[in-house]
Amino acid sequence: MHPPLIVINPNSNEAVTRGIDTALAPLRLSGGPAIRCLTLHDGPAGVQTQRDIARVTPPLLELIRTHEATSGAFVIACFSDPALAAAREVTRRPVLGIGESALLTALTLGERFGVIAMQDSARARHLRTYGAMGILDRFAGEEAIGLSITALGDARQRQDRLAVVGRRLRDEHYADVLVMGCAGLAQHREALQRALGIPVVEPSQAAAVMALGRICLDWEKG
Amino acid sequence: MHPPLIVINPNSNEAVTRGIDTALAPLRLSGGPAIRCLTLHDGPAGVQTQRDIARVTPPLLELIRTHEATSGAFVIACFSDPALAAAREVTRRPVLGIGESALLTALTLGERFGVIAMQDSARARHLRTYGAMGILDRFAGEEAIGLSITALGDARQRQDRLAVVGRRLRDEHYADVLVMGCAGLAQHREALQRALGIPVVEPSQAAAVMALGRICLDWEKG
Amino acid sequence: MHPPLIVINPNSNEAVTRGIDTALAPLRLSGGPAIRCLTLHDGPAGVQTQRDIARVTPPLLELIRTHEATSGAFVIACFSDPALAAAREVTRRPVLGIGESALLTALTLGERFGVIAMQDSARARHLRTYGAMGILDRFAGEEAIGLSITALGDARQRQDRLAVVGRRLRDEHYADVLVMGCAGLAQHREALQRALGIPVVEPSQAAAVMALGRICLDWEKG
Amino acid sequence: MHPPLIVINPNSNEAVTRGIDTALAPLRLSGGPAIRCLTLHDGPAGVQTQRDIARVTPPLLELIRTHEATSGAFVIACFSDPALAAAREVTRRPVLGIGESALLTALTLGERFGVIAMQDSARARHLRTYGAMGILDRFAGEEAIGLSITALGDARQRQDRLAVVGRRLRDEHYADVLVMGCAGLAQHREALQRALGIPVVEPSQAAAVMALGRICLDWEKG
Amino acid sequence: MHPPLIVINPNSNEAVTRGIDTALAPLRLSGGPAIRCLTLHDGPAGVQTQRDIARVTPPLLELIRTHEATSGAFVIACFSDPALAAAREVTRRPVLGIGESALLTALTLGERFGVIAMQDSARARHLRTYGAMGILDRFAGEEAIGLSITALGDARQRQDRLAVVGRRLRDEHYADVLVMGCAGLAQHREALQRALGIPVVEPSQAAAVMALGRICLDWEKG
Amino acid sequence: MHPPLIVINPNSNEAVTRGIDTALAPLRLSGGPAIRCLTLHDGPAGVQTQRDIARVTPPLLELIRTHEATSGAFVIACFSDPALAAAREVTRRPVLGIGESALLTALTLGERFGVIAMQDSARARHLRTYGAMGILDRFAGEEAIGLSITALGDARQRQDRLAVVGRRLRDEHYADVLVMGCAGLAQHREALQRALGIPVVEPSQAAAVMALGRICLDWEKG
């Protein structure tokens, strides 16, 4: 009997948590670990700045500590991987970030990855991460969909905009694999991949796969 | 009902295939894909040179084509990832190499990875791969256990030698995560990790985790 | 009349703040900006983990906001540069981190920099930073002095240990410039440089120089 | 009396072999090694995929072994350098690949190299090579001429298309030296260079120069 | 009483020297080092080629030696940093180049720097420098203003052209900080920064700040 | 009838010029370009500092201009490649540096190159060059033989010391190809390669090979 995987959405938006939960359904196997998706109620509506990251870190670490004894692994379900390094200090359980996992997964699907970000303002933060990960040689480009919150709420507009931005990454930046730069858009992955003809990585799924494997294998820290 | 994962040992050594099969047991979940481990009977006794890689490629591609219709994904279970790029051309199914998967997995477990190779002669080949993957900034070092085939057959000698080499990677090369540079040594992973106090990645397991996830999520090519 | 430079020691150790204050005395020029060194009283005794960094960030940002209207620039005086990216979001004033400033200054003084860290456990965190900064091609190595707090309190032991570690960086890692990896040890800089015959960068001084220049030049954000 | 240089065209297209042969005429010097250009009759019509590379490797290695005793050095005359690493294992004679040699030669003629490829599908494969060679910092871009085989057969169309693509590499990717990414187009090198005003490297010539030098100097393996 | 900072304009254009002198006025503090700006009368009208660099080096080193005894530090005020490495050999005083200092300063103000060069022909030379400095991972792009000398003499045309080129670097190359690639244009810095909304680094000021700090701190060579 | 290759020894030591001349004898083919080795009589006894490089540049450029009309190509025969970039500006003939050519040649002979330098003081200068060339990912290490001029004059001591340093590069730095970091030691190449069992590159020969090829092919600037 495996301990469950805890997936934490660090923003307080329950709709995003539900989107993640749905995205992970195919990974719920009868003989495998359960997957529980939690919302960080103390979190901001969205994690969009370094300040937001700073703000969600203490309650996020607290939440992890609360669940440590009864959990098998954790996924931090925000593309900026807030608190990831700190979380790995406070628990012996595996902790995966969806940004890191998605980027590494992309490296198995293409030579140059493009990132579809939510906002232009994320670029500098993301570039620091790609540099810290040491994977800039594989980076093709990053473009933001830049939709207003209202427009983001409309599935059709979202899908259209994802395709526009993805096409730009493919044709102008020479990306041959795309990473969706936020949680909660899993429903668009397959259509986007089909429209563009290159693989598309959904980050929550990428991270959950790696985390579930570690629970099954019982790979804890040395 | 998921199609099975096919794991191919490209050398003809059945003992290695059995070792891989055992290593993957924890990933066989009810409700999840079956895992079948095959031996490439046309393969050499070991894949140790670029020539060996060249030699196993045609039959390996043939084997993949034979199983394509009934399989969900493939793992090439040799640390040198022979035929990986070519295999990705011949099938729409996901193909993971244990070398690539292990190295990327290591990047989530430490800052600088060290590789325990079987032989010194592999170093140049491996370095080309790390360079092609664009991950040299995260490379700490590689050391070979360099045991004769007889000595390799003795579990105690193997374990001792793995620890000696791993300690060197940790203490002299500053590695904080280790990758076992060959298939079939999974039984030593946990003891090694415990002895050294840093995470150790077993490559067949790392690749199978990613491949199983793709089957469950039905991520085929765009 | 220039607004003052505010230097914030993010740990609660007043002795460190006093050490920084003394180190910056030569930069207090008549006609130039005043330099005020503050202690973050809510901070931990030392910033040694990612968690510590997470913990000091909210009060550090708060302190910056409190002083923004009356200050010309800020220096965050901890080698790990906690809250640096977030601080740059919350104020239009220049914010310099002593880690970043010291490393960049070192690049003008030698070809390969070595870092004298306080503890081995800082290495992974520092390496992420060097990678994020994109300066790993210039990195020679990092070694920790690893003294107990008691031993650290003894100036003679500190000096001896700095020289031992510095010599190792110079002779085994081929560093030709050294960076002192913490605030508060400025009194040892000159002796260390003289003992080793290669330049040594004191980080608080390196950062204050850059911050004072920006106040004088009135370079605020665009 | 020098042993001859053997240049192997790994595709079965005799017209390409003749083109290479003509391109190397200026390097046939009295007193110097003879140059023999061979066609790999077992090879595919063109080497365009990783599978093609896998397929030509065994007969190519066989051909090298056949000629080893009587030859001074080998050139593998396909821009993808198929079997290069393996060939270096099977013979003590120097083996040069035209891709590797052309790229390194380009580094002496400009700061950023652009590659004129035959097809877009080669990009991922080429990028892996540039990464494995560790020369991505000098890479400007790669564009394919993308002509049908019929159009490729027309010298005027070829020349026009080479100039269009070369101009794009120069003006949009900031290349200041170009590499022709296939064998057999040597006749266009000079006109292309004159049209664009930046150096153009013909790969068969670049490799033959290096290989002939090694025969004259008798630099075999250590 | 501090020894003065000597700023050397290595071209013979006195107007440039005066422009630098004016740019450094805010760094002249009553209690700080004096700043003397000198023209290298033996220098060319502009430093635009490697030959120009070669030519200015001997008289520049001579000038430094002449002033060494009575000076605190030197700034070489040409973006190509002519003679920088040699100057650091001939004097124990700190020597800063305005190119190097400006680029390092830019790394504290944005994630990807763009360089506004005077001429396209400088690109190859600059790229060699960025590579030698090991900072190419942070490089966004370089574009030249490419004005005739007459047009350069017109402040309005200069300002317009700087804005056009800067906008291109920001919008097409994704630069989030700009470096002015020559001395003597300090008067345009603030307007340019305001127009583009991203930080702009003026190189003479960046170097003078670092050099003045070293005089105050008495950081000479070890 | 080919124009001759001019090889310039930029130091005034005629013995070095004679050593180069002898080393190039195997490249003198009856039907190929003549090779003339010249001494820069205005040069220093040795090129050991940046200042020496600055000093030899003007007369070296002058010498090139003097021979331009009657020459086919130039080799600058000092491992530091003094004046290389400037020389490429002043003549349309190909100019090769022995350092650059040797390093690029080494990339075809091994995965990680080690450099045997004459003096430790060259390291910083060489590292800048490797960085500017963008080949640091392939760099294993550099060690100096550090012999006095008297000891250097003794062939036996030289040979012994080359072997000691080469062995260190191979065994401690993991170099699998070595570059001799100065001109004039060609007589030791073969013995060194035999003693160490890895390829050794003699730089004058490496450069002359490339230069002769360009004369034969008539590859001048575009």
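Each chain gets a letter, A, B, C, D, E and F, in the order it is written, and its residues are counted from 1.
Everything below uses one rule, namely that a residue touches a chain if its C-beta (ideal position, glycine included) is under 8 Å from a C-beta of that chain, and two chains touch if they have at least 3 such contacts.
Chain-to-protein mapping (UniProt): A, B, C, D, E, F = Asp/Glu/hydantoin racemase.
Nothing here was measured: the structure is a model prediction, and the numbers come from that model.
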Given chain D (Asp/Glu/hydantoin racemase) and chain E (Asp/Glu/hydantoin racemase), the chains that contact each of them: A, F
Same-residue or different-residue interface between chain A (Asp/Glu/hydantoin racemase) and chain B (Asp/Glu/hydantoin racemase), half as cut-off: same
Remotest chain, chain C (Asp/Glu/hydantoin racemase) as reference, centres from CA atoms: D
Chain whose mean Cα position lies farthest from chain F (Asp/Glu/hydantoin racemase): A
Rotational angle, Cα trace of chain D (Asp/Glu/hydantoin racemase) fitted to chain F (Asp/Glu/hydantoin racemase), multiple of 5°: 180
Between B-F and B-D, the pair joined by more C-beta contacts: B-D
Centre-to-centre distance between chain F (Asp/Glu/hydantoin racemase) and chain A (Asp/Glu/hydantoin racemase) (centres being mean Cα positions), rounded to whole Å: 51
Centre distance in Å when chain C (Asp/Glu/hydantoin racemase) and chain F (Asp/Glu/hydantoin racemase) are each reduced to the mean of their C-alpha atoms: 42
Centre-of-Cα separation between chain E (Asp/Glu/hydantoin racemase) and chain C (Asp/Glu/hydantoin racemase), whole angstrom: 26
Distance between chain centroids, defined by C-alpha means - chain E (Asp/Glu/hydantoin racemase), chain F (Asp/Glu/hydantoin racemase) (Å): 33
Residues of chain D (Asp/Glu/hydantoin racemase) whose C-beta touches two or more other chains: 128, 131, 133-134, 136-137
Chain-chain contacts as defined at top: A-B, A-C, A-D, A-E, B-C, B-D, B-F, C-E, C-F, D-E, D-F, E-F
Residue ranges of chain D (Asp/Glu/hydantoin racemase) touching chain E (Asp/Glu/hydantoin racemase) (in the complex, touch as defined): 110-112, 137, 174, 176
Complex contacts: residues of chain A (Asp/Glu/hydantoin racemase) adjacent to chain E (Asp/Glu/hydantoin racemase): 123-124, 127-128, 131, 136
Complex interface listing, chain C (Asp/Glu/hydantoin racemase) residues touching chain E (Asp/Glu/hydantoin racemase): 26-27, 29-32, 96, 100-101, 104-105, 107-108, 133-138, 193-194, 196-200, 205-206, 208-210, 212-214, 216-219, 221-222
Residues on chain E (Asp/Glu/hydantoin racemase) engaged by chain F (Asp/Glu/hydantoin racemase) in the complex (per definition of touch): 49-51, 53-55, 57-58, 61, 83, 85-86, 88-90, 125, 128-129, 131-134, 136
